[in-house]
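Working notes, beginning with the structure itself.
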Amino acid sequence: MPGLRGISSQISDPSSAAPDSKLIDDLVYANRILADQGVFDAFGHVSVRHDKNLNRFLLSRNLAPALVTARDILTHDLDGDPLDAGDRKPYLERFIHAAVYRARADVKAVVHSHSPSLIPFGVTGIPLRPVYHMSAFLGGGTSLFEIRHEAGMTDMLIRDHKLADALAKSLGEDAVVLMRGHGATVVGNSIPQVVYRAIYTEMNARLQAQAAALGTITFLSVEEATKAAAVNDGQVLRPWELWKARIGKID
Amino acid sequence: MPGLRGISSQISDPSSAAPDSKLIDDLVYANRILADQGVFDAFGHVSVRHDKNLNRFLLSRNLAPALVTARDILTHDLDGDPLDAGDRKPYLERFIHAAVYRARADVKAVVHSHSPSLIPFGVTGIPLRPVYHMSAFLGGGTSLFEIRHEAGMTDMLIRDHKLADALAKSLGEDAVVLMRGHGATVVGNSIPQVVYRAIYTEMNARLQAQAAALGTITFLSVEEATKAAAVNDGQVLRPWELWKARIGKID
Amino acid sequence: MPGLRGISSQISDPSSAAPDSKLIDDLVYANRILADQGVFDAFGHVSVRHDKNLNRFLLSRNLAPALVTARDILTHDLDGDPLDAGDRKPYLERFIHAAVYRARADVKAVVHSHSPSLIPFGVTGIPLRPVYHMSAFLGGGTSLFEIRHEAGMTDMLIRDHKLADALAKSLGEDAVVLMRGHGATVVGNSIPQVVYRAIYTEMNARLQAQAAALGTITFLSVEEATKAAAVNDGQVLRPWELWKARIGKID
Amino acid sequence: MPGLRGISSQISDPSSAAPDSKLIDDLVYANRILADQGVFDAFGHVSVRHDKNLNRFLLSRNLAPALVTARDILTHDLDGDPLDAGDRKPYLERFIHAAVYRARADVKAVVHSHSPSLIPFGVTGIPLRPVYHMSAFLGGGTSLFEIRHEAGMTDMLIRDHKLADALAKSLGEDAVVLMRGHGATVVGNSIPQVVYRAIYTEMNARLQAQAAALGTITFLSVEEATKAAAVNDGQVLRPWELWKARIGKID
């Protein structure tokens, strides 16, 4: 009975299980929220690891994030290949997501953006460090990914496994890595956490630049940052609910 | 007749009298206005002293301020304990409000925020001073609360009476105290006044930073500040009505 | 026949003629536009000289400019006294308008504001000069009114004729005068022109501060400014119509 | 049969063929988008070369860009003369567009603006250079047009062929030329590309100024810029669709 076999293989093979529809809704919200909050413009992308298969992740087709709907979400494997794209075009830089999920079992969600206030830090080589408890996840400061060290003069994009693995190595165990002349990649253990981190990375950059113009900055120490980050992780749903409320109902 | 005794004790015991419903409406407006004007993001809180019991204050349950309604307002005693929370979670940092109401009989309303333009001043140790008459309440300049002096390396939060009392001591008789790596606490003699002060503290910080980049600043002298602040106190309902009009009808 | 005498005196006495209702509408739009464009917050005021009586000017009662309607406009004489206020409160600083209309026959409209980007220039004593043709009306640069030179340590407000006359003297034949620790006063030959000037004074201040941080500025020369200002005066209705369209229909 | 002759001459004479109505819609969108994105205020203009006659271009009548509709689009010849204006007033500076279309066969669309963040660069003589891949079209950096070198002390406007030709010469083969004390002119091979370039020129200026305040900037090298610009050209419809969606349906 092929019909039954089909069902049974669907059950036994986690690779064919559909993700929780709530996870997809949250991913759509993440796209819209990051655009609404100024982290994304027409570019940037956010993904989440599949809840039923750790070797898959979910990421929109090539589209401006503010326009993403549930119907645009594609399942990718850890090579970055979309499995259900049909004739829909994937993002050029999906390799970033794949490499981070391969390198970091703790990471469940990834944001890549050209978040404006981060660019001046990337091009001057000044690390982001936490100016207040809200951005405590920045810990001891961000690393910088310099694509020239990997591949010389390029189009700046992370368009293959080699570059993506080098970026994941720059990220190390951190929450954020800056990319010179390009933007940043931010990781988290859930969609609400990675969205929180992406938004407060942008805010920290803005405030750190203002503070640097005023005088010598007392940053959070690593101990303060570690303690404050632990508290914030328990508060991450408060802003998430507010940011969702600003978006309203999604279709 | 226990029924009558109940009524009589309700009348004679001010601790059980309900606050004026207009006071609660104003507190809801204050939450929404401070979010609308950029003093609050998903975090920050504003309280008011109970109009019928000076040993109580009103403060929302743990919620993003933009989402607060009258049904979310909890009554707290001066230990910061909520009296009618049921299963609703209070704010972690309610101790700030309790300590200020204990220390300052003149204070009727308190705002604690991470108002963005204040952060660079807190982390560089530069006091806010009034650049114009609108922020004359800053007087001779703000003090800075450095939590390390009280408790070493912490999670930066005011989570007990000891820290809250130290913060209230830093505030002294001022309207505003900056908190390094955290934000600020602002006090006033009414909800409209504390909202006015919180908004113009943010504005003063923005303008003071711009002025510092241009040249040497002539601040308001203490005498000018004292005189101008007295005049502004008589004008505080003008912006309050405008800010309320931007919010519209609350539910 | 007293009835006929009444009619005849109304006709012959220009002081009792009602202003053109279009002028009042334009004044209401000016209030709303300057709030919408960020020149006004809850404070600031704009007036226009009466079209039928050069010794009168029109100015709202004491109200946030964004909330002004035709019913709030009061007629003032050149002493700054409102003639038809009834129990409505006039602005404290109406003397500014009166003094400028007395001193400058060419002036038909006056804006007084705390336009944010101007404050840093006032407190550092750096004159505004035109960075581009749009703000050519700034000519050779702004004067600074220092209230301490007139009256020592005050509440910063222009609350009498003496201070207002001193301010008008600082203004001289210019379009704009900065007021240290307070704001600015801007004048024009019509409502659309004074609104244009107030908006582009704010913009010039913002751009001049940015340019000063980058390097040495080549300002418009006085000859360039004079020529460009003449052209702009012929274009002033283009932005006026746009700014009105943003406000929509007024009641 | 004059009727038939009329038809036949319409067909054979490309100068009388109407432009594609989609091109006109796109030009209306370009006007509205550039106002919505802060490149235009009440001033600035965008044109497109006629799709059926390379010696014509389409440009609105003298109007604030946010208010432009299809009915306001005029056809101009390469002398800058409007052919179908009737009693409608053309833009004073239409000569800019005419000169660029004469000088650059590759150019299909032109934006002239007073884009705010560009002004500080023009007046300090600091070239814009690409801080990230999004503005890679800036290549090796912008030239500066100094009108004084051409015509001494003027009203700053490009009001004749001589000035417009000099401006086109400053532009050379670049995408952007800065104009001291005035603004900039940006060119592209399509409406979506020129709109993309105008928006990211503004963004680059903002970020370059911030970066210059922080430290020494590593700009994209010319090779990086060339490669990245080629990739972006293939992505230009993604932001275009988003920016159109923000405007909604045009009338």
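Should a chain be cited, it is by its letter among A, B, C and D, assigned in written order, with residues numbered from 1 in that chain.
Heads up, the rule we're going with is that a residue touches a chain if its C-beta (ideal position, glycine included) is under 8 Å from a C-beta of that chain, and two chains touch if they have at least 3 such contacts.
Predicted model, so just to flag it, every value in this text is computed and none were measured.
Asks: On Cα atoms, by how many degrees is chain A rotated relative to chain D, nearest 5?
Replies: Value: 90 degrees, nearest 5.
Asks: Could you give the separation in Å between the centres of chain B and chain C, each centre being the mean of its C-alpha atoms?
Replies: 35
Asks: What positions in chain D touch 2 or more of the other chains?
Replies: 213
Asks: Take each protein chain as a node, join two nodes whenever their chains touch, and name the resulting shape: line, ring, star, complete or other.
Replies: ring
Asks: Provide the residue numbers of chain D that touch chain A in the complex, in ascending order.
Replies: Of all residues in chain D, those touching chain A are 130-134, 136, 203, 206-207, 210-211, 213-221, 223-224, 227-228, 230-231, 235, 238-239, 241-243, 245.
Asks: Please give the residue numbers of chain C that touch chain B in the complex, ascending.
Replies: Checking each residue of chain C against chain B gives 41-43, 62-64, 66-67, 92, 114, 116-117, 119-126, 153-157, 180-183, 209, 212-213.
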